[in-house]
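Same chain, two partners: subunit A is paired with subunit B first, then with subunit C.
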Partner chain A sequence: MAILNITYDGMSVDYTRPIDERLTDADVRRIAVEVIRSGELRGLHVAGLTESAFTHYVVDRLRTAGGGMHIYLRPKVPFGGR
Partner chain B sequence: MKLREVCFLIGAEDTVLWSDASSDPIALPDARTRWERIWGLRERIVEIAHTHPLGGAYFSAEDESTMLALDSALGRRLRYSVVAPDGMIVRIPTAQGCSEGPPELRPWWADLILLASGVIPEHVSSSKEEG
Partner chain C sequence: MLIVFCGVGALGSTAVTLTRNLDATLRLVDFDRVESKNLASQAYVKQSVGKNKAQALKLQLANFYGVSAEAFAVRLTEHNTQELLGGGGLLVDCFDNAASRNLVSAFARQHQVPCVHAAIAADGTCGLVRWDDQFVADAEDEPGQATCEGGEHLPMIGLVASVLARTIQEFVRDGRRWNSFLTPSGVVRT
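And then the complex of A and B:
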């Protein structure tokens, strides 16, 4: 299981319920939309959040020192003239 | 110097707060480190600038989607700019949306970010030839 952290609207919040660490990136984005819509994420409640809110976000999966996993949903930050 | 894209995080009074670079002249790939610095400096960042050493002064499709993602994550709209050999463009948030165009006053760091990208600004190379 893993802890999901979502950064949105100036806040970075851990979801209190552990999630399956094998979830796909698309699943993580979908769950993020659902928990923000439902108000399950402390301090972040946007009832009308669009399905595409996290389209341009990436998922980082980092192992913790204790062997657990932290999954971070954060904005992508590449730039480029390509 | 080899051409490469460079990113500056700019604070109040045109202070360069942080920078990083790629090894590619047409891309600055995603990096968690860059995001961590942006998040850590979020209260102080006024503008995010990057270069197009081989391109023009415009926002690419990649730039547009990154700016959208950053503004939604930070909960506020930042000022963004692209510095290229042929000029500079800046996007400034306004109450109506945003304004976009060359800066009224070219910031001091524009030449620095070009030099860091391996580009010698035109007026610098002219001065060198004159000297």
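And then the complex of A and C:
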């Protein structure tokens, strides 16, 4: 399992429920849209977020020191989230 | 130690000024010139407008702080990596395009030179400082896509540059290699 972190509009929030680390990038983007729309992410709630909000975002998968995985959904650098 | 800064725009020029106290030789590589618009987001002063960035920063370091540096006013290509990056004990990538970043990475991997990358999103929403083993350069969605040029996100530029400078400082001091992910709300070591 992995911890999903979503960075959007200057906010960066961890999703409290672990997700399957084998999810595809497309799945990660879809889940991000769903949890932001639903208000499950504390401090990051956009009810009208579009399906394509994360089309140009990057999915980073980093191993933690403890052997777990952290998945980061973030804007491209240096181009931003468009 | 020779520290080679590849790209001295917003992040690079600011990080260089924050590493001026290190017991190291600083080499600055950038082909670009200082424009008036850069004064809002980069560590250049009005008197540097029109000068090559690497040479202008070298002059500023000498005139303001008495620090000497090497300046190479050329574009990094596959033909001059040895000349520009060779001998470096640490490569610091602050370029703003994937092609140049990949050149630095390739040289670092081939010659087993420590290399750290720094990047910031054009909209100021995030930045990162990552060592080469964890770094993949983000590709453009289209050629010539805009990057962070104005001064709108200067505090975020300062934050990323200061984390980069601290990362360099810790590496020089004891070899530690921290990766960091940054947003306007904080810094997380990853």
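In the analysis below, the second predicted complex is superposed on the first by the 77 of 82 C-alpha atoms of A that agree within 3 Å, B and C clash if a C-alpha of one lies under 4 Å from a C-alpha of the other, contacts with A are read in each partner's own complex, and residues count from 1 in each chain.
Here is the rule we go by: contacts are C-beta pairs under 8 Å (C-beta built on N, C-alpha and C of every residue); 3 or more make two chains touch, one makes a residue touch a chain.
Predicted model only: the values in this text are computed from it and were never measured.
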item: Subunit B versus subunit C as contact partner of A:E34, first or second or both or neither; value: neither
item: Which superposed partner A:D20 touches (first subunit B, second subunit C, both, neither); value: neither
item: Which superposed partner A:A53 touches (first subunit B, second subunit C, both, neither); value: first
item: First, second, both or neither for A:M11, with subunit B first and subunit C second; value: both
item: Which superposed partner A:H70 touches (first subunit B, second subunit C, both, neither); value: second
item: Contacts of A:F79 with subunit B and subunit C, given as first, second, both or neither; value: both
item: Intersection of subunit A interface sets (partners subunit B, subunit C); value: 7-12, 56, 58, 74-82
item: Residue ranges of subunit A touching subunit B (in the complex, touch as defined); value: 7-12, 53, 55-58, 60, 74-82
item: Subunit C-facing residues of subunit A, complex; value: 5, 7-12, 56, 58, 62, 70, 72, 74-82
item: Subunit A-touching residues of subunit B, taken from the complex the two chains share; value: 5, 7, 24, 26-32, 34-35, 38-39, 42, 50, 52-56, 60, 62-63, 65-66, 68-70, 72-76, 84
item: In the complex with subunit A, residue positions of subunit C that touch it; value: 96, 119-128, 134, 138, 140-141, 145-148, 179, 181, 183-186, 188, 190
